[in-house]
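Going by the order they are written in, the chains are A, B, C and D; count residues from 1 in each one.
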């Protein structure tokens, strides 16, 4: 395998020699999310879209209309082997990620991969090892980490505003869209798992998941509990059969608590100066619990498009040879939790260690 | 035991001989909920409050101020053995229910017992048997069944408006009040378990529960999944550490779905003419799923106080010798689910058959 | 008239000689609001209810049940001439206020009068003069001034948090209750006029009001604009024919703006760090306008019942011989605006100077 | 004037001879709204964009990028005199409408004009007369009439679902955008005036308007009352200085009432089965008023883009020689109400007959 690899140092060497030259991207997949990736790469100063691959005629035709100067192909290997491409964005269904990402890495390309990273942990581990070996960057597209909301929550946690963390409880439900290759957990929960992984900064210990399938053989409703060290508990409620759309996360801490309602236009995050504490440190069952209720505060959030910020960061990581926070290892941790959840789900809630 | 029992037939005999004479109640417990029970019994035409028992001086003093004509005592046995009392309302902490209810039944009194019925299933079974033996009525105070909201939902289900039931998903969270004798499941989930038991009309199969304790040794956050036959799944999210109060239940069916927000003043129930169906009956993974979205409708609900309706019904059941829908057996089913949830919780989600 | 007056100094003299003796009240009117006044006067340490007057048998009977020790009468003059009564609360329809209040003042009683103070400005002026002459206190029951919400807004304004005031815009609408003696302006607008009078601290200059009558001959929908000095403008939308209940007030200032939604349980007041300013001080039509948007903040509000706070303050004003902020003159200012609004309404919006 | 006119019959003659040939448009103005008009005309089957005019280099450059095949010019007269253009869309500031529309009509072009139609009624009348004389069509872009929401309300009114109409009460407020050529009435109220004109189907009788200017010399907050025959009253609250965005209209009728909240995603219109009626037909002041409260219902609305529907309708009107409901006369009626409101505003609410 090593023989066909472009040597790691080459890529960055090239990059470091020409700091003002943009990173040249190939993009595989121009379906639902791909156009957003392409639009951003096209618009950013330090990136350039060289070629786009999609198997569907219609998709390639759309590309040609909007980006007449970009090469179009139906063979992903054309991108992988192009000498004028530095990085590949893989924006395809999850079951294709491993093969495409591997080919890109083997051909010396940095990769930006849609979430979830891979279909299983073994694939993710192999890709992480391959990138480490070649010095190439992997960024898994955990877009939510780059939203104004999650960035603000991260800031609050790091500043200690919430105090010791108690729980993370998310509801992510709506009517459809039913997927045909994955269940509702693999479809909707990666968002929350990636956010939790970023915010909690501890490896999850174990997972319990329950759910039910009603229509097409995949679970359409599921409930995941993730146990973290230090009594932190996380819960995710995902559902394709809800009459209403909900995107609400509660985060409870010792000092303050917050509600993040992503469907709100102007006040997505509300921080409540509310808390509970025991009267006495030795306390147990009979200790009185005291409540505190103060003001509520909704901070103004940054409005930049998350994907713009993420792709800018990807370029910075390549140019400065930094490890992204949402690197292959982060992607792997999310896939491990998904695998554990799937296993637990098939055993109706049985605890599965991650 | 049988020796000290007032014979079953006596009580109803008496009742049936004097149809216009009110049922005479003794009430044990005048704390948070007791005053509401007393106020209703005092106000209704066919009930009368004869005596109230509470161990706390302050509580008894309050009774005397508001109801100067009612007997007051600190000894519950005075009520149990009174010859001018037909029924006893037990409105005390759960760990006292069994003993008080048993004494009442043994002395020939019908009983109205706060939820949850008892601390464990064995106690509930014993009380159910005792009542059966004596012909006395047990009503467990599953108040929510008598609200305009639950009555409307029941009606809709019975009329087939939702079609085949898919799921019941409830969130019941707020800041406090921490209990010292039970965890958040025993405190908040009995509401949902009783409602589910009433609406779903199937015995639950198995339970998986997860949660965490942060402050006083009792779980303050918990998530319960209940598996029912026919792929019906229920989920309950209870939390004493939420910065916001939420009382929202989603009920999904094949034809329509509804959202019940009990904190709304005027539009507690919204019924969505939304649904999902497979294109083909043989369908599995590759079958296209079709979505349907129509009008939303919020029916006007009855406004009568639930407890008024419930106590009126209790009297009817006594007078007409009917079995209440929320009888001891219903109370027992809820306690069994609570026991199963507690056991699962201690094993971090392991499935427990009910 | 002077002959029948208890001399002003007497009343306060008595009060100041016996600082720990409660103020003794007679209450006229035990309908919708009267019971709240009586409950508070009965509960407060420094007040005592001596006698209650109501013309309706049913009302008097209710009093006797709840307050067996309080004297009951159907003749208001019995209260006015009682020697054991220091103050009279007038909680009757507006057309009776003048006569009752006058009789009370002439008999040396302080008065607490429901809003609106009187049916016209001439009556209010006479009562104000009478009270000044006798040294007695008038408090007009502008209850809203004593809510946590209005107190917080007043604080913010006094601290300069909103900057120069731009506007006050209130919507106070719901279905019914239709009044038979007054139109929707006299029914609902006194709340806003009293709040504005308190917050804006400037005398209104002129009023324009429009509206329409659809059912019983009184306007059931109306819109009032009040012009204040310094370009402050106020607007009040009142409506008895709204399918939804709304109680929302916007207050805009140069620095910050706030929304007060009185139907919210927990976050009644939201303060927006938003504003607009001109780029250049000389600016007019062509000057660019700049926008600023920052955090939102919902302060915790005091929870004490407004009426409790108000009656406590009334007693303080009597005991310490202070002029209440909601004195007869404040009541008069509100009545003048109501008169102006009525006159403008009958001329379909024509400006009426106050 | 008549000499330079293309004869009326020519245009429709041409059109009727070639039913499958698209209407060829010239568009003047490619600023905020223009791109939406162009996008729709470009996409529709029966329309074609031939040329676009804008005075700003940047705007013309954008056109060339997105529509490389469309002619671009900075001289509007090039469009007016082109022989390959059938209709002109005027999407420019209001003060330019009259001159551009006149030139287009004089050159035999149908016109589609942004709202408000013209700066004053005299201009509108002249254009209406000119179109009548030439047989050309005027459509004023009252886009809201083509939204799913307004169409549904119209349907309900026509079906008599609300009963006799009582009032229309709209709030249309937000922070900015300050205009430099018009006040808040001319900026925001045309929406409501056009909707009212369409729904109420009666000519307004008189207008009263109040408001205030705080920043740049134009009123930034204003309140308009419009009196219609049969006791129908309308009110519009417009404000550029609101911390929150509100787009809510209440419509009250004898039988039912509705709330239209245009910011809701899924339930824009809620119809309340609520009402009020007098007990007796002869009724006046003393008649008891009865209330009725039933279900609430939120109908599913059509989702087609309003502008798409409107431009399709414009083409139909041209091809079939029909008079649009939003023709020049409708535009004139709105301008008359705007003029009356402006005049009333300058006299602080004085009634102005339309």
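As a working rule, a contact is a pair of C-beta atoms (placed from the backbone, for glycine too) under 8 Å apart; a residue touches a chain by one contact, two chains touch by 3 or more.
Being a predicted model, the structure only gives us computed values, none of them experimental.
K.L.:
Starting from the defined contact criterion, work out which chains touch chain A and chain D both, please.
P.N.:
Where chain A and chain D share a partner, that partner set is B, C.
K.L.:
B-D or C-D: which has the larger count of contacting C-beta pairs?
P.N.:
Of B-D and C-D, it is C-D that has more C-beta pairs in contact.
K.L.:
So, comparing C-alpha centroids, which chain is the farthest one from chain B?
P.N.:
Greatest centre separation from chain B goes to chain D.
K.L.:
Cα centroid separation between chain C and chain D, in whole Å?
P.N.:
It comes to 42 Å between the two C-alpha centres.
K.L.:
Just the number, please: Cα centre separation of chain B and chain D in whole Å.
P.N.:
Chain B and chain D have C-alpha centres separated by 56 Å.
K.L.:
Which chain C residues sit where two or more other chains touch them?
P.N.:
Expected reply: 244, 266, 293.
K.L.:
Which part of chain D faces chain B closely enough to touch in the complex?
P.N.:
Residues 266-267, 273, 293-300.
K.L.:
Touching chain D in the complex: which residues of chain C?
P.N.:
166-167, 169, 171, 173, 175-176, 178, 180-181, 206, 208, 210-218, 221, 223, 225, 227, 231-233, 235, 237, 239-244, 250, 252, 256-259, 272, 274, 276-278, 283-287, 289, 291, 293, 344, 347-351
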